[in-house]
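The structure under discussion is supplied below as C-alpha cells; questions concerning it will follow.
Naming follows writing order (A, B, C and D), and every chain is counted from residue 1.
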Amino acid sequence: PDKLAAFEARVAADEFIEPKDWMPEAYRRTLTRQISQHAHSEIVGMLPEGNWITRAPSLRRKAILLAKVQDEAGHGLYLYSAAETLGTSREEMIEALHSGKAKYSTIFNYPTLTWADIGAIGWLVDGAAIMNQVPLQRTSYGPYARAMVRVCKEESFHQRQGYEIMMHLAAGTPAQKRMAQDALDRWWWPSLMMFGPTDDNSPNTAQSMRWRIKRDTNDELRQKFVDITVPQADAIGLSVPDPELRWNEDKGGYDFGPVDWEEFYAVVRGEGPVAKERMKARREAWEEGAWVREAAAAYAEKHAARRAA
Amino acid sequence: PDKLAAFEARVAADEFIEPKDWMPEAYRRTLTRQISQHAHSEIVGMLPEGNWITRAPSLRRKAILLAKVQDEAGHGLYLYSAAETLGTSREEMIEALHSGKAKYSTIFNYPTLTWADIGAIGWLVDGAAIMNQVPLQRTSYGPYARAMVRVCKEESFHQRQGYEIMMHLAAGTPAQKRMAQDALDRWWWPSLMMFGPTDDNSPNTAQSMRWRIKRDTNDELRQKFVDITVPQADAIGLSVPDPELRWNEDKGGYDFGPVDWEEFYAVVRGEGPVAKERMKARREAWEEGAWVREAAAAYAEKHAARRAA
Amino acid sequence: NLVLFDTLLRLGDDSLILGQRLSEWCGHAPSVEVDLSLANMGLDLIGQATHFLGAAGAAEGRGRDGDALAFRRDVLDFRNCWLVEQPNGDFAQTMARQFLFSTWQQMLFDRLTASTDATIAAIAAKAVKEVTYHAELAAEWVVRLGDGTEESRRRMAAGLDWMWRFIPELFEMDEIATEAAERGIGTDVTLFRADYDARIAAVLAEATLEAPKDQRPIVGGRRGHHSEHLGHILAPMQFLQRTYPDATW
Amino acid sequence: NLVLFDTLLRLGDDSLILGQRLSEWCGHAPSVEVDLSLANMGLDLIGQATHFLGAAGAAEGRGRDGDALAFRRDVLDFRNCWLVEQPNGDFAQTMARQFLFSTWQQMLFDRLTASTDATIAAIAAKAVKEVTYHAELAAEWVVRLGDGTEESRRRMAAGLDWMWRFIPELFEMDEIATEAAERGIGTDVTLFRADYDARIAAVLAEATLEAPKDQRPIVGGRRGHHSEHLGHILAPMQFLQRTYPDATW
C-alpha cells in the first residue's frame, strides 16, 4: 500500500515509471496489453499497404511506400521492445496475436482496393493514429513514452505523404478523383472507429487516465479528428460521406452522424472483411519462418560454443 | 522362338498386337518407354501453355486455349491408359517422370515468353508432333495406334489454331508482328530438335522401324517438317531464323543449317532453360495432391465396405 | 437500361472471375482427371461470361463488346460477388467455393430461364445444364473429402470456413436486383434461400461435416467494393489488352 | 548512343526487378528484423533503378523518363539478367539469389565508379556502399543457414542449386557489353570472374556447403529473352500506368 501510494504519487506528478520500478500488477497488465496491441497493429498494418508496393504507380511512390512500411516494421520493433521491458517476451506476444487472444487495430481488417486507399490510409489512419499517440509521448511508462516520441515523428511524416497522394488524385483525371472519393467513402467510418467505443461504453478509460496511459477520452479524440480532417477533405474537393455532418458554432466543432457500432464490435470479434487474410498472412509468415529462426539460433549457439572452446 | 517368329510375322503384316498377345520383352519395354514419354509430354506440355491462360488477350482466345490444354490432359489420359495395358501402372510412370528417369519432349523446357509463343507452339510444336504421330496411327501396338487416331485429329486442329494466332499477329500492329517473329526465332530450332538426333546418332531407329513403332527416320521427318513449314512462314511474312536455309531443286526440299546438338543433349540431360520449373510444378502438383487422391480412395473404400455390409 | 446492363454485368462477372480462378489450376491439379474437370468448368464459365458480357455491351449501347468489358474495367466497375474472387487455396477450398457458388448459380439460372429478357433466358437455359453438373461435381467432392481421411476432412472444413461468410452476399437484394426482379429480367433470389440452405445442409450432412458459424455478412461486390484479391486477378488477366490498346487478337 | 542507353537499361533493370522481387516479401518475412532488412535492400535497389533508368531516358533522348521505362516496356524490351527475376521461393532461395547477385553487383559497381560516363560513375559511387552491405548481409545468411540446422542446410543448398545456372549470364560479354567496356562506359566483367568465384567459394566453404554442379549456361536476358517469371512480375508492377495512361501519380 505504501508502494502503491508512492507509485500513484509519481504518476500524478507526471514522472516516468521505469522497468525496474515497482508497479501495480494491473498497471503492468494493462500496459502490456496496450503496447503489444499497438505493436501488433504496426506489424499487421504492413499488410494492407504491402499489398500495393508491387503495384505502386511510379518509382518515387514505390520507394516512399516501401520506406513507410519499413518504418512500420521499425515501430513494431520498438514497441515490442518496450512491452518486453514489462516481462512478456516477443514470442509470447506473437503467440497471443496468432491465437486471437491479442488484438490489433480494427482498421487493418479492411481491404486496400485501389491505389487511393494508400493515400487514405496515410491521411486518415495515420492521422487518427497520431491523434491517439501524441498524448502518449507523455505517458507514465518511460520506455513506451520514448518509443512514442520516435513513432509520432515518423507518423506525421506518413500522414502528410498520404494526404499528398489524395491531393494529387483529387486533382487528377476523373478516374483518379473517383478513386480518391471512393477511398474516403470506405475509410471514413472505420477511421472514426479507431478511437474505440464511445466514452459511456469505455469503462477502463478512467483508470487508464489516472495512470496516465491514456490522456484523452475516445470521444474527445474522435471529435478532434473530425474537426481537423473535414476541412482537409474540403480543401481538396472531396466529401466526407456523412449526411449528418455539419459545423456546430456553439461547440466550435462538427456534429457528425452515428458510428455503426455493430460493425465495430463484429470487426473486434474478428469478422472484418479481410480479417482472415490478415491472420493467415501473419501466421504463415511466422510458421514458414520458424526454420529460419531456428537455424539462426542453432548457428549462434554452435558459434558461441566454438568460440568458447 | 516360335512365338517370336509369329510375332514378327504379324508385325510385318501390319497386324495389330493387342495387350493379351505375346510380345518380346524388349518390344514391351521400348513401347512402354515411348508411350509413357509421350503421355508425360502431354502433361508437362500443359504448363507452358497454361502459363498464358490467365493472360489470354480475349475471351475467345482464352476459351480456345483452355480447351486446347484440356485436350492435352485428355491425350495424357489415353496414353497413360495405353501404356498401362503393357503392365506398368500410371503411378509407376509418374514416379519415373518425377525422379528424372523418364523423359518428356525437350521442347517443353523452353519458356513461353509472350502471347505469340502460344501461336508458335500450336503452329510449330503441334505441327512437329503431328508429323511424328500421324504414322503412329498405324503403329503395331493396337491400343497405342487407336489412341493416336484421336490424338492426331485434335492435334491438327490445334496446329491450325496456332497458325491462325501467328497469322493474326503477323498482320497486326508492329509490336504484334515483332512478337510473332521473335517467337518464331526462339521456337524454330527447338522444334527441329523435336524429331530427335540425326539418323546416324539414332541407333534404335532400325529396330523400332522393324517393330512398326516408328515408321520414318528422324531426319526424314525433320526434312518433311521444314518443307511444309517454311512456306507457311513465308505466307504470313515471317522469316525462318536460318541463314543457310535455301530451296534445293534437286532434292525437292529445303537445305537447312545444322541443329545445335550440344544444346539438344543438354536439354535432354535436364538443363533446359525452364526444366527446373517444369519438374517443380509437376512434382508439387503430385505431392500436394496426394491427400486428395488418398481421401478419394479412402472414401471409395469406406463406401464399398458400407454397401457390402 | 442501367438495370439490365448491371444485371448482365453481375452475371457475367461472376462467371468470368470464377472461370479465371479455375484456370489458374491448369496443370497443377491433384490428378489429370481433376485437371480435366477443373478446365471443363472453367471453360463453361468463360463461355457464360462471353455471352453475358456481350449482351451487357449491347444493352449499354456505347460500343463496348464483351472483351472491352472483361479487359478494360478496373476493380470499382466489376460487379461480381466476393465468393468467386476468393483464392483457390488447396483443392478443398476450391471445391468449397465451387459448391457454394454453383449450387446458388444453378438455382438462379433455373429461374432465369423464365426471364422476360430473351437473351438472359436463352443464356440461362443453355448454362443451367452446365452449372447443374458443376454443382453435382462439387457436392461429390465435398462429400468425398469431408468423409475421406482425417486430413481431407480438416481441409474441407477449413475450406468451407473460409467461404461461408460470403453466402449472404449471394442473396442480397439491393435496388438494382429488386428492380430487375420486378421487371422480370432478374429474379428475387431470397425466394430460393431456404432451398439453398436445405441443399447445403443435406450435402454437409452426407459429408459428415458441420456448418461453419455464421458471421457478419460481407457484401459490396455488386457495387464494386471487393476484396484485395480482385486487383491481383485483373492485373495478369488484362495485361495484354492494357499494354497493347491498339491491337486486336 | 544505343550502347549507353542499353548499358543503363541493363543496370537499371537488374536493380528494378530485384527490388520488385524483394518487395514481395513485405510483411511475410521470418521475423520483423528480416522484414526490415529485405525492405531496406529493396529500397536501395529501387533507388538505383530510379537513377539508372532516368539516365537511360536522358541518353535515349526520346522523352521517356524513368517511369516510362519502368512501367511502359514489355518483356522483350527488358534487359535484366535471369537471376534477378527468379522467384523468391523460401528465404534460403531469396538469400541465394541475393548473395550471387549482390556479390557480382558490388564488384561491378566498384569498377563502374571509374566509368567515363560521369552519371554512371556517380550512381555507382553511391550505390557501391549499399551493395557492399547487401552482399555482406546475404553472405552472412548463406553461412548461417548452411551451417545452421539440417533443414536450413538442405534449403540453402536447394536455393543455391536453383540459382547457380544463372551465374554465367552475369559474366557474358556480348557486343554491347564489349563496346561499352572499350569506350570505358562499362567494364569487362570477365576480369573479375576469378575474384567472384573465389569469393563465392570462400563463403560456401564457411557455410560448409558444396558448390552446385555447373550446367549449360542460360542466357538471353540482356537481349530481352527472359524466363516465364518476368511477365508475371511486370503485370502487377505496370498495372496502374497501363490502366490509366493519361494519369500522373
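Just so it is clear, a contact is a pair of C-beta atoms (placed from the backbone, for glycine too) under 8 Å apart; a residue touches a chain by one contact, two chains touch by 3 or more.
All of these numbers come straight from a predicted model, not from anything done at the bench.
J.: Would you kindly say which chain has the C-alpha centre located farthest from the C-alpha centre of chain B?
T.: A
J.: If you average the CA atoms of chain A and of chain B, how far apart do the two points sit, in angstrom?
T.: A distance of 56 Å separates the two centres.
J.: Can you check how far apart chain A and chain D are, centre to centre, with Cα atoms defining each centre and the answer in Å?
T.: 35
J.: Could you list which residues of chain B touch at least two other chains?
T.: 55, 175 - these are the residues of chain B that touch more than one other chain.
J.: Residues of chain D touching 2+ other chains?
T.: 74, 231, 235-236, 239
J.: Line, ring, star, complete or other: which describes how these chains touch one another?
T.: Other.
J.: What's the complete list of touching chain pairs for this entry?
T.: Listed in label order, the chain pairs in contact are A-C, A-D, B-C, B-D, C-D.
J.: Can you check the complex and tell me which residues of chain C touch chain D?
T.: Touching chain D from chain C are residues 74, 231-232, 234-236, 238-239, 242-243, 245.
J.: Help me check something: in the complex, which residues belonging to chain A touch chain C?
T.: Going through chain A, the ones touching chain C are 48, 51, 55, 111-114, 175, 178-179, 182, 186, 262-263, 266, 269, 271, 273-274, 276-277.
J.: Please give the residue numbers of chain A that touch chain D in the complex, ascending.
T.: Listed in rising order, the residues of chain A that touch chain D are 43, 46-47, 50, 53-63, 66-67, 69-70, 73-74, 76-77, 80, 115, 168, 172-173, 175-176, 281, 284-286, 288-296, 298-299, 302.
J.: Residues of chain C touching chain B in their complex?
T.: Within the complex, chain C contacts chain B at residues 16, 20, 23-24, 26-36, 39-40, 42-43, 46-47, 49-50, 53, 66-67, 70-71, 90-92, 143-145, 147-149, 151-152, 155, 236-237, 239-241, 244, 246-249.
J.: Which of the residues in chain C come into contact with chain A in the complex?
T.: For chain C paired with chain A, touching residues are 74-76, 162, 165, 215-216, 218, 220, 224-228, 230-231, 235.
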